[in-house]
Each structure stands twice: as structure tokens, then as C-alpha cells.
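Below: the structure, in C-alpha cells.
Naming follows writing order (A, B, C and D), and every chain is counted from residue 1.
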């Protein structure tokens, strides 16, 4: 019995490994459709006037970067494309490194964007919901300096930005607590700033009730599929799109596993019964 | 520089394979990699707490304008009291900062959860289901209202659920099951994505099989 | 008298026709950071620009419009400071400048949050009332929780097979209320196990949980009158690493083949691995967690699942602790209120009345 | 005394936070604003504490040579390495005690702290969680067996969502005419998410939210005091 389980398991592991690897080596190029919630996120940034300042908060660590990093890159790029300025921040310490990596990727295509003028990284702050609440009163109290130790008052793009109300939109890329939910609760429901963002697919179903008439969340990007949809909207062949073939094949395989499992259970039951 | 980058990629590949070896069975490589992870993670937190919180929000303010920021000595003292938790004998001192933190969090979460997760959700369910012209949306809106009410009723414990009052709870559980199914589907997607990311590293950055 | 009245009406009439009004007032019921501006101009106006005085003849535009009658709220101001506003109106052949000023001040209540406050107070008072009542011996009914039925079945099966029962109190530390609820359930289960002389194995991830679990089980054995049957070695620390902990439990399940598994408390990604291995060994499985993401895996792999709040209800039911019972009853009051509000709200919406909805949602300040 | 004073603190702080939500007048918002600033600093210390105790526990294991202590030693060494790199040369844009360390950065291609992050921390963290993909596959095979009505509902929804959230769904039912577009699998998956899923998740949010309001209330009033340790 024991051996059986282990061997069976290893076979499944190997098959999955191969199924995910093959489409990476030989891409198929299937198309994706854009869903309504992704469109809402896109429209929010698209309809924000030039020169406005948005916040992108990197609230995740490398464990979920495959899903969230493409969203971060696409959103920075979108803001740059629309001539908006972005503040990068993080409620998770690992988010700071994620933000810098995303920025590096986008800056390759937008080399003339300048730190302090078009974007700034304000770094990591501890405290989650309470800290966001403090940002609602004063950003410079929470962020005395940016990650380069430049004082808040000396950063040109932050001139006239004193508290959350002065921000045009906030996007949180979130894989847990604190993250999107805390931003939504404080920045949207208490300070009336539009909040949008992305989350890992695991937590997406739990965020759907917030995308409602009241717009607690303006749209939602749930997982890699949504990231690739956003890339499609931007007209950018990014890293998420390239991975969707593998995703599709692996999903098919999982369905096959479920079917096989049920057939096996049925036959054993019949043999026994 | 190029050599160090290549070495870095090999180190990364080594650690990746160490973790994957757990799939065969628990082994020394996995245990080693795991402890390295724990150590690096602790150091990462420490460094960021020092450079992003302690220095800019506390020490820099105190050193640039001590008399103007005298009040910051209070949280600094409370913070030090927090560290007293490390010894069983002085642990009681940490109760003061903890009580302040817990009190603040309790106050803020009470307000924010009441507003966002209760009131806003209630008002978001107060919709006219027939406002839309399209049949699927009308049905959807009805499902939304009925599902929310029955779902909340499922979590209502103070009443015997017999006879007719059994039904809302039953319907509530059906909705919960549909939602769990959706969560399951999304979780499959999430987990596979993570694996794709790692394979992309192994096959691309490390082995250069894909570009 | 009539003459005066007539004169008065003429003045009002003419002023409403031709006079241009521009006025500023402190926004009521707020934190003194906003000023309401209102203007009425003759309908020929083409462009309206409102600016706020900053310093040294410096005016910054805060709003522009093409409407003859309109209003705007300027926000982000300092309380108790006088602000001057200038309105520049452009007509096809003429232009006009109007000036006004106001001082924002803080009030003692946010009127927009009245609905919020009332409902919050109502729920809090209900919770306090029921806790108070429970302390004074009032008995509260708790509905049947299907997941708890598994206890008898599990113990029965374990006794019959002579195999132990495995109980995992979640992977969170003692500061998580789910872990506390889990320990309450453990206490009850351990007592029944003691009665039937069935072993109960409890692997723990944290030392705090370990000592609490030992205490709970020991007490349960004493209650059952079998303090000698208590084996402290059956409750042990495994490792505090997440996946290591799971691997350890997997090993136990395959080796010991427990007749029943209980997974109660806070679980994360590992729920799937645990429940799947348990399923394959054919044990009766019962799970309970408030971690919504993990429920799907438990529902498909376990025979019984305590869903979300059911975990806390089960704990209150088994412990009969007045604080838990009272709170639960208070939360139930809240749920009944929510259901009522939704039903009334939907009916009003269908009738086209949205006052209730606006009152609850309130203004965001 | 050792317990009652902290309880009073928690009450005062929580109560002022509640009041300031509804009273826009001074001094409440200023007090809360100060508290929020303090909260951040104290939380910083709390995290410091967490990491210090972790390292202390590791050191204890090494000194007392508990089984497998060698692994803890590896952990401790990597901790020391990463910490000193970070403190000396800082990370990314942030300078450390010795500034930006241009020399060593030029040699490594990255700052030493970032080099360790990218080549050790990042792969470890990402791979640990990618293990779950394998476990979900094996669970799909062995545990998702059709049983009662309720688990069937779960399975059917799961299958629609699994297909709908990939390109396969687009291909399978892409040929459907406009009038039947509701049955197009990606649309169906979105519909499930938007209506029944939202309803159920909303019910979960509301009932859990009430639980949080209740426990916050009990903490503020000092009825719930397990956070002080040592039971009731």
C-alpha cells in the first residue's frame, strides 16, 4: 500500500513536470480573451489625466512573483505610457526588491524616465492597515525619505502630494496580509481614493465581492491569466503571455488526472462491491 | 563580472534542485536548503527594518532635530520594552507596548471591517435585480441576493434548522460549494503558475534551452 | 406695507435674474478641511474658473466649469484659516470677477457616518448584552453542527480497529483564535478517547501549542477518571518548519495508519497535502478551519468539514464558556440584522427608494 | 497591577481610535495620528524581536547539539552573511555603513546583499511554493472523487473555472454564435465568479467580519485578554 502510493505519486509528478516544460520549449501561441475585471483596471489608469500620481504597492515576495511580477511591470509601463508618475512602495520588505526589478525591466524601454521626476521608490513600511491609515493624514510622516535617503520634500514629483487624497489611483499587488484588502479598506473606504490591483489566483475568489457597484475595488487582476490579459490590452508581449501555453496544458492534464482518478475509484468500488 | 553572474545562476539552480528533491523524499539537501532560506529570510527582514524603519522614521529624525522630536522617545522606549519579551523574567514589561499595539489594531480593525466587510457588502447587495434588461444579469442578480442571504443564514447558529428553516441553510451551502469549486479552480491555476516560473528559470537562465 | 413688500419682491426677483452670486461656506459636519463653494451666474456664461489665493498675488485654479449654476467643494485645507476665492466668469462679450472668502472649522460629529455609528453601536451592544446574560447563567441554544457528529463515529471506528486517532491543531501559534478553538475541541475529543481507551496522537508545530495541548489532554483524562492512561509522549513537538511539519505528519499517517484524522485550526497551503495523504489511508477525516482558501481541499477530501465560523460555534458549544456563547449569540444578532437590512433594502430599491442604502453607506469623509 | 495597567492602556487607545472616526474635532485626530506613528516604530521592534528569537533558538540548537544541528548551523551562517552584507553596503538604492561599495558591486554585478537575494533567497522562496503544483496534481488524481451532491457542485464549478481560465476554453466554445455567448466557457466562468461566487464569499466576509468586530470589542473592553499571556 505504502509503496504503491509513493510510486503513483512520483509518476504524477514526472508527468506534470514534462507537461509544463514542453510548451515552454515549444510555444504554441494560443490566444487569450480579456475579461471585464481586467478591462476595468486598464480603464482606470487609461482614463487618468496626464501628470497625475499613482501608487503601486508591491505586497508580495518572490514565492508568488511568477503571477504578480508581470502585473507590476505592465502597470508601471502603462503609467509611463500615459505620462503619469508612479510612487512605488511595499508593505512586505521583499516587495522593495520586486519593485526595483520590475522598474529595471520597464526602464529598458523608457530610458528617459527619471527617478524623482517620473517615479520614486519610497520603500518598505511596516504596520499594514495602521500605516496606510497614517498615510491618509500625511505621506511625509510615514515616508520621511525615499529608498535613496532623499528627503520627501526634495523629491520634485511629490510636490503638492501631501496625503492619500492627492493620489489619483492606488494599485496593490498582493499575495496575502497586509495587501490589497488593507489598501481597499483604508484608502478606498475611508479616504475615497480609487483602489485597484492584482492578487494571486488563490485569493481572487475572495476579492470578487469588493468589485461592486460601490467600486470598493476598481477591477481586479487575478493570477497569471489576468496578467497576460493586461499585457494583451497594453499591446505588450510580456512574460505572462509567454507562460499561458504551459498553464493551459497543465490545466488539461489536471482534468485528465481527475478523470483517471474517478475511473480508478469507480472500478475499485465495483470490484469490491 | 560575467563569471560571477554565471556562478550566481548555478547557485540558484543548485538551490532550486535541492528544494525539488523533496518531491522524491525528505533528504539532507532539502533540509540544508531550507535552513539557508530561514537564515537569509531573517537577515533580510532585519536589514530592511533597520534601513527602512528604524533609521528614517526614528534615528534620523532624532539625530537631525532632537528637541523637536522628543516625543519619539516614547515609542522608542516602548520598542525597547517590547524586546524585553526575550527573557521570561522581564516578559511582563512587554505587555505595555503590546497592549498599545493590540488596542490600536483592535480599534482600527473594528471600524474598517464593520465598514468594508459588513456595511459596504450589505449595501452592495441592496440592488434592484430587475434594473437590467438582460435575462442572465437579472438571474445573476437574483442569485447574488438569494445566495448572500442564504449564506449568512448558514452561519446563523441560534436557531434549530428543521422543516422549512432548513432550506435557506441548504441553499446557502450550495452557494458555498460553488464558491469553493471556483476557489479550487483558481488555486490550481496559481500553483501551476509558480511551477512554470521555476521551470522557466531552469530551462532558460540556467540551461539556455529556451530564450 | 404692501408697497414695501412689492419693492422687496422686485429686488429679490431682479437679483435672481441678473445678479451674480458667488459664495463660500464651511462644509458642515466635517474635520474642517473643506469649503463648499456655490455660484449662480447669468445663463450666458461660457467659462467659469475658480481660484484660491495662496500668497503674494498668487492664485491657484481649483475648479473650472461651463455651468451657470453650480457648486464645488474645495478640500485639503487647514482648519481655522481664512481662505479667499476668486471666480472668473467669461461671457461672449464680457468677463466678470467675483471674490469671496470663508474659514473651514472642525465640527464635533461626522454626520455622514451616522448610519455607520448606529449599526456599529447596535451590534456592539447586542454582543455585550448577550455576554452579560451568558455570565448570569442564561442558556443559549446552538444549532446542530454536522461536523461534530464525526467524533462518535471516529472513536467507534478507532476502538473497533484498535488504531489511534490523529489530531492536528493547525499550524498557527497560540495567538491565533483558531488554535484556541481547536484546543477546546481537542479537550472534548480527548475526554471521549479516554473513556474508550483509544490513543490520541497530537503533533504540534510550536512549543507554546505543545504545552497547551498537553495540559488540555491531561485534564481531559483526569476528567474521564483515567489519569494513568494519559501518555504525554503522544503529544509531541515535530518541527516548526511548515513543510517539514507536514512531511512529518504524512509519515505518521502512513506508518501508524490512524483510524481517524482531525485537522482543526488554521491551515495554509499544506492542507491539501495532509488531507490527501489521509484520504489515501482510508481514515475518517474531519477538518475545520476559518481559512476560506483552504476549505475546498478539506471539503473534497474529508468526510466532515466545519466551515468557517462553524469552528468557533463548535468550540463555544463544547466548552459552554459564557464569553464564547454570549459573543456567538451577539454575532448571530448581527447576522439577523444584516439579513433584514438586505431584504428591506432590496424591496426599497425595487420601489425606487434608495434612502436606506445611502444612509448605511453614508458619505465618505 | 502587571495586568490591569496594560488592559487600561488597550482600552484607552482603542476607545480614542473609535472616537476619532466619528468626531472630526481636535484633539482626537491628532492623538490618533501620533499613535499611528508610534505603532509603526513599535511594530519595527516587534519584528526585530521575532527575528532575534528565531536566531536565538537556532543558536540554542547548535550549542546543545540537538539532532540535525548541522542544518541550523548552515542557517546561522547564511543569516550572518546576509546581515553583514546588508549592513555594510546596503541594498539596491540604499547605501550601507561603507556606502554603496562600488568596487565589490562592479565585481559581482550586483551589491552583495542583492546578489544573495537574487541567487539564493529568490530561488529558494519561489521553489518552495512551486512544490504545491505537484501536490495539487496528485490530489486531483487521488482525492477528487465524485461523491454527494455538494461535492459534485464543487467539482463541476472547479472544472468550468479550470477550463475557462485558460486559452483552451476560448478554443473549445469559441465557435458558438453570439446568441449563445452566455455558454461560452470563459464567459460562463466569469459569470460564476461574478454572481454565485460573490454571493457566497460575501456571506463569508460578513460573518467573519462580525467575528472580528466582536473580538475587537472584547479586546478593547478587556474581556478578552489572552494576548497578555497566561490565560485568564
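Here is the rule we go by: contacts are C-beta pairs under 8 Å (C-beta built on N, C-alpha and C of every residue); 3 or more make two chains touch, one makes a residue touch a chain.
Please read these numbers as outputs of a predicted model, since none were measured by experiment.
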The chain pair joined by the most C-beta contacts is B-D
Find the geometric centre of each of chain B and chain C from their Cα atoms only, then give the gap between the two centres in Å, rounded to an integer.
15
CA centroid of chain A to CA centroid of chain B, Å:
13
I'd like to verify one number: the distance from the centre of chain B to the centre of chain D, where each centre is the average of its C-alpha atoms, in whole angstrom.
2
Mean-CA-position distance for chain C and chain A (Å)
23
Could you list which residues of chain B touch at least two other chains?
22-23, 31, 34, 38, 44-45, 48-49, 52-53, 57, 104, 108-111, 113-115, 118, 120-125, 127, 145, 148, 152, 154-155, 176-177, 179-184, 186-189, 191-192, 194-195, 197-198
Multi-chain contacts in chain D, i.e. residues touching at least two other chains, fall at 21, 29, 36-37, 39-40, 43-44, 47, 91, 94, 117, 121-122, 125-126, 128-129, 131-136, 138, 140, 142-145, 150-151, 154-155, 158-159, 162, 165-166, 193-194, 197-198, 201-202, 204-208, 210, 213, 215, 217, 227
Give me the residue numbers in chain A that touch at least two other chains, ranges are fine.
13, 16-17, 20, 63-66, 94, 96, 123, 125-126, 130, 133, 142, 147, 149, 189-190, 201-202, 204-206, 209, 212, 214, 223, 225, 247, 250-251, 254
Viewed as a graph of touching chains, is the assembly arranged as a line, ring, star, complete set, or other?
complete
What residues on chain A touch chain C, complex-wise?
2, 5, 162-163, 165-166, 189-192, 202-203, 206, 214
Contacts from chain C onto chain A in the complex sit at residues 75-76, 254, 277, 280, 292-293, 361, 364
Okay, in this complex, where on chain D does chain C touch?
21-26, 29, 128-129, 131-132, 135-136, 138-139, 142-145, 150-151, 154-155, 158, 201, 204, 206-208, 210-211, 213-215, 217-218, 221, 223-224, 226-227
Interface residues, chain B side, partner chain D - complex:
1-2, 4-5, 8-9, 11-13, 15-16, 19-20, 22-23, 28, 31-54, 57-58, 71-72, 74-76, 78-80, 82-83, 85-86, 91-92, 95-104, 106-111, 113-114, 117-118, 121-122, 124-125, 136, 140-141, 143-148, 150-152, 154-155, 172-182, 184-189, 191-192, 194-195, 197-198, 201
Note: in the complex, chain B contacts chain A through residues 23-24, 44-45, 48-49, 52-53, 56-57, 60-61, 104-105, 108-109, 112-113, 115-116, 120-121, 123-124, 127, 179, 182-183, 186-200, 203-204, 209-210
